[in-house]
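Chains: A, B, C, D and E, in written order; residue numbering restarts at 1 for each.
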């Protein structure tokens, strides 16, 4: 498949994630949208991994990688995402315990 | 490598200390001793004595620059511990864990000061960020602390997403995550991926160092977090990220073949402007310092703007000067009963040593000669002048520096020239002596910056 | 050795004073220290006058190739003499003023002295900048801590204003540093040959700092307020010595370093100077506050020095140098009188005073002589300086408008008589009022201080040759660099 | 259009629809479910790209563990109804427009690349196999792997700090 | 002591020592002692001056350099004294009359306390010192030192009674007006230095051909500006009448005999420059004659005894400038001399009257004093006759010489000058008649206390009266006596160069005689008229009207100056201060304010909402992308 398609797809997912962060007020949903952004990145990484694999059979291109590093990167992203989720949800729960809401609009004691 | 491994281990040690004892002074002693060990280990490595022989496969590169920075960061942390360890333990019941998290952060700092691949940059930044989210929210009953933690977390993860997108695009163009190898690989037609990716990476790093217009988290988080942790966050962590930033663009900008000066200058100018201007109207010293840290970041961005030897020296001096001064001020701030400017009224009468040292810290932040802050700013400005383009930025920076005098001096005015009680908590003599030591260092390095700079050339 | 001693004595004493609690002791130590400085300075001018004693050069910041280079050449000697002479007089004449935290007050005074002396002796731009600021910071604290009602706003404005100027100067010095191939040495700066554009940029950057400090119209608005609000002892430093920093900067770091731009901009700045002189003189006529009056008069007098620099000639340049000294001691005398009046009557309003001549004849006599020096009567020191400056301005070959400047400038000579005599008339002459009814004459210390000044004023006025020969060489050097005769 | 392309487009549509649903649905539970659907579609893409290991890990870690955690928290907080009041409409609009612009700009920027002929290898290649990845991970990538343990440690400590009752 | 000229520095030294002694010891010396110090110093100077004069008369002149005053580059300004015919003559006048006035003062000022008495003599000595510097200086700078010095002393002495704020105001006015003139003088000096590199008279005059006509005109005009200030000419004359606030002997010495003639001395000294610039000469003559007429007309209606004399002085100074303007330098110097005698006499006489009347100065309250103060009366009458120009009184000769010179240059000058002379005669005898003739119009108490002044006052009067009577005999015109003009011969070396270059305007003897005696006849008629009219003067409350009122109010010149200069300057000062506070400073503070305002507004960006933060971040990203990727290629 042309790499451009994957790029556009990843960008679309990424942007939808961004839009979600921008428009939603529920902290959990915002967090989910961020996960969506990370997944868009993962998808693109895998696509690039395969692109570079394709390049490696092309003599004109400088061969740098067989794409394994990208897939491992995806792996590490997932690791980090998991860690983040642990912490993030802990924070959200703590927040909820205090104000009984996860609406980010209520977070406005700190301003100006 | 000494630093990375030791700091991770020390983090674990502290975790276990927390399990076996609740004695605060034990925890404090262990943490301080551990940090001293860490510092010594790093100095040992600077002198070529490696504790661990690890094949990093070129993913980590330890050079003088990074090691010197580590030394500075650890020394600053040591001073921070000496000044504020008691206050860290006052934040909540999980004293040992806070120290453990700080050690993990130091691990992250030593990773980002020596990374050679974007993967480790990413991991290092995350190792720094995740404990910070927690420390920010560690005052669990305090709604401001909660709010700050959540804001920081949401926006931090958002910027992580942007960073990753940037890394991916760069990888797409070059086929590698290694930052020096990326320069050799050139795939015609894909440069635009590289540029876009680099830009996204730049943006996310700008977020981490709170450069405008990606700085919005900074005032709220610094304000909301427990003051002791704000101190750590605003100094050592920020400096660490800056070193990563500089390290990253040391290779990347020059390799990209584009003129980055324009956008860097715009971001720098915006940071200076917003940081300085907004700081003026603040009523709380803590929040003022948050904005001031944005403003200082603006000056540090000069290191990126004009990449040359001067700026390399300068960023080291800058991080040192900035950290010393800010840690000192925050340590005093922690002791204050009232964080507003009025709270400082008459401090010179009630606590002359605190007032005098705070004055020196503030003068250093303002960049007055005879303090290291002056040389920090000097190197930044000189490097920009040397680079020869976008001179307007230099003048803009000057104007902003002048504005900064106004709000820094407001504190001095409160302490010295206004009447008031200037109430503080009880101050131990050791605290005073350490403050004096720091003030002394600031002046010493302010008169003889060579003592630091020589290390870069020995 | 002499330069180092001159810096170290006030610096170390100043720092040490912070530890001394007793007021009287602190004051005495400060006074003694300033006397020692004066003795060292005099020794430097008489006994140790070989180059080895008057110059000190050690590497300082290796990474920047900056040297700790101090030197006492003719111009420095003159200004250092002024500084070392003024400080003991200031402390002595204000001996009866009381200050809270007197030890800090005097400590800061001495730090300021160290900074000022450093400025006048530094031959390395970085060092110069250092001392430039070192002089400023203690004064900020002095003004803000011990000043009048509105001191906080006024001094922060003063500080920000001058700090802005000095940052511009810093950029200019950095540019010069790179142009000079990585050297801060004055000797390298004056060897540079820059393009017109570069000179222009550097000129503007440097001149701002000096213009604010002097101050040159229209950068002057901080000055009357600051002089008014500062404690008088500090005002003495500000106007007697610190204002000279700007002029000194022009002479040392501007004109010889960027001579072409100095020419090119000469007329603009000369015009500003003339306008400023007239402006200040006119404003001074209607001032009611003694401090503001003297402040404005100072602007007018300094304006003449600026004018003489931007319409340069040999006699003008040399005139500036000796006038820096002369104006310093004259205005110091004025301030001492103002201080006496303020201490005694608690007011500085001219309209609330009167008839002091009946009650305080000695004060009146001394003041009248100083006032006459202020309006440049012949046989007072100021006449020599102003004569040479006006002569230089009139005959300057650097500008086409020398005569116009001289004619416009000479109007201020007339106006200075108007406002000075108005002050004398309204404060000292006429009938006494209830406020001045119980006035007493000045104490011995003030008498002595003023008498020393008056003797100096008259001696220099009659026999200016020592001052002139001191500055001949350096004037020639500056003029050679500017390609002037 | 061969089967690969058909699958590609199908998965793409599912992923995008899922993503849009995540953003738009009022009920958080629906959002979670839509996100899981998206993850499935993305896993499908992985398989299509012959990255089986990642596809599986994605399903296990993301769809399995993480999303369940989300769901769990949402249930815990009793957020499964439409609790979210309407946000300021203008801000919402601005957010959408800004996101759209970002997409536009990114696409416009990346479209420039001379990569029309570049393809991502589909259905072939064995880099994605667990054996190869494992080898690389424990040879080349052992340092990041160890370092990520620090990350987990800190996350763990963090969870303890935040979760422990005072 | 074979060459006394080398010791010329003694002449100014004595008064300087006197000044220092009296000034520093003023609290410790008795009145008599300070009187002796003061007068003695001048007497000593006078003695030396006489010796010098004799030597100069023998033909030797010289320059005595003490030290180099100012040096820069090639310009050297020495502190040197030049002794020649002109300066030695002035030395005699200054020290001679100075001594008489010091002597007079010991009695006149006797009411003052010890300290102020000593102060008075200190000032007076300082004045003499300055005046001596002025005339002795061998270059323009030293002259300028004396020039300003006498201005200063005039200031100090006018404001001698400093408790009276009016007096100090008059003093200030005098000083400022002098300063205006001085500024012109200074500029001339600068011009000279920059053109010739020297200010020494000898060098300047020998290099005079190096100056173009324009240079000369400018220099001489600027110098003349100086002269108008010091010698009270239009437009700077108004300070002199006000200067009468000072003690009367001061008026006699400074504001009649010596200081005000400094301008004449200066022009006479620079005669060669003036001779070579006809434009300036015309200006000098016109200003001189205009001043003479204006002041004389004002004097007609003044009632203050000293004011009349003051305007008379202004008027006479006008004559001297007329003389200078027409090139009759000797005439001018001659008139300086005779004027010094008779005007000092008149002032001292007036002082005697005032002393006798207990500080009453209004002549409307006097009258009939001749029987109470006979010596004063006689001497005053001699003075009046002298100033009126009655042969053989001294004024006749000098005035005649001036008028003859004027006629030779331009008959119009003569006509105007003659009118002035007539007015002079009229107002002087009005003054005389109202003071000494008729009945006493003062209070009874005043009448009771009236008495002749003590010897210390009358002796100077008599001496001066003798000189006023006979002083003119050194300059008897050629028509009356061949070779009678001793002064002319004496001064000839000084004016030699001018004489050589001037085109002589000789008038024939018969015309001169007609003019001389015709004028004197008219003057005599006027004297009789005035005498008769004012001998029977009665006080009346009727206000003056018409021209009389204008004259009484001095042509409203003071008011004019007040409206045109003083008030605008003050207003300007006030306005500028406003401008400063609300203009420049407002802008400066405005920068601060706008930064504060920006701060207030900018912090609103920090809304506290995560959504808007992220929105702004995204917008920032878009902006950077657009800049970097699309706009920069």
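We adopt the following convention: a residue touches a chain if its C-beta (ideal position, glycine included) is under 8 Å from a C-beta of that chain, and two chains touch if they have at least 3 such contacts.
In this text, all values refer to a predicted model and were calculated from it rather than measured experimentally.
Under the contact definition, chain A and chain E share the contacting chains B, D.
For chain E, the chain whose average C-alpha position is most distant is D. Contact counts per chain pair peak at A-D. A straight line joining the Cα centres of chain A and chain C is 65 Å long.
Each chain gets one centre point, the mean of its Cα atoms, and the points for chain B and chain C are 43 Å apart.
Mean C-alpha positions place chain D and chain E at a centre distance of 102 Å. With centres taken as mean Cα positions, chain D sits 71 Å from chain C.
Looking at chain C, no residue sits in touch with two or more other chains.
Shown for chain B are the residues that touch two or more other chains, namely 119, 123, 126, 130, 133-134, 137, 140-141, 151, 154, 158, 162, 169, 192, 196, 219-220, 406.
Within chain E, residues 592, 603, 606, 608, 610-611, 614-615, 618-619, 621, 625, 629 each touch two or more of the remaining chains. Here the touching chains pair up as A-B, A-D, A-E, B-C, B-D, B-E, C-E, D-E. The touching residues of chain B, counted against chain C in their complex, run 313, 363, 368-370, 374, 378, 381-382, 385-386, 394-395, 398-399, 401-402, 405-406, 409, 413, 416-418, 448-450, 453-454, 457.
Residues 4-5, 8, 12, 15-16, 19-20, 22-23, 28, 31-32, 35, 38-39, 42, 45-46, 49-51, 53-54, 57-58, 61-62, 65-66, 69-70, 73-74, 76-77, 79, 83-85, 87, 91-92, 94-96, 98-100, 102-103, 106-107, 110-111, 115-116, 118-122, 125, 127-128, 132-133, 136-137, 140-141, 144, 148, 151-152, 154-156, 158-159, 162-163 of chain D touch chain A in their complex. Every residue of chain C that touches chain E in the complex is listed here, in rising order: 157, 161, 218, 220-222, 279, 282-287, 314-315, 318-319, 354-355, 357-358, 361, 372, 375, 377-379, 383-384, 387-388, 390-391, 394-395, 406-407, 410-411, 413-415, 417-418, 421-422, 425, 428-431, 463-465, 468, 472, 475, 485. The residues of chain B lying in touch with chain A in their complex are 119, 122-123, 126, 130, 133-134, 137, 140-141, 143-144, 146-151, 153-154, 157-158, 160-162, 164-165, 167-169, 171-172, 174-177, 181, 185-187, 219-220, 223-224.
Those residues of chain E lying in contact with chain A across their complex are 603-604, 606-611, 614-615, 618.
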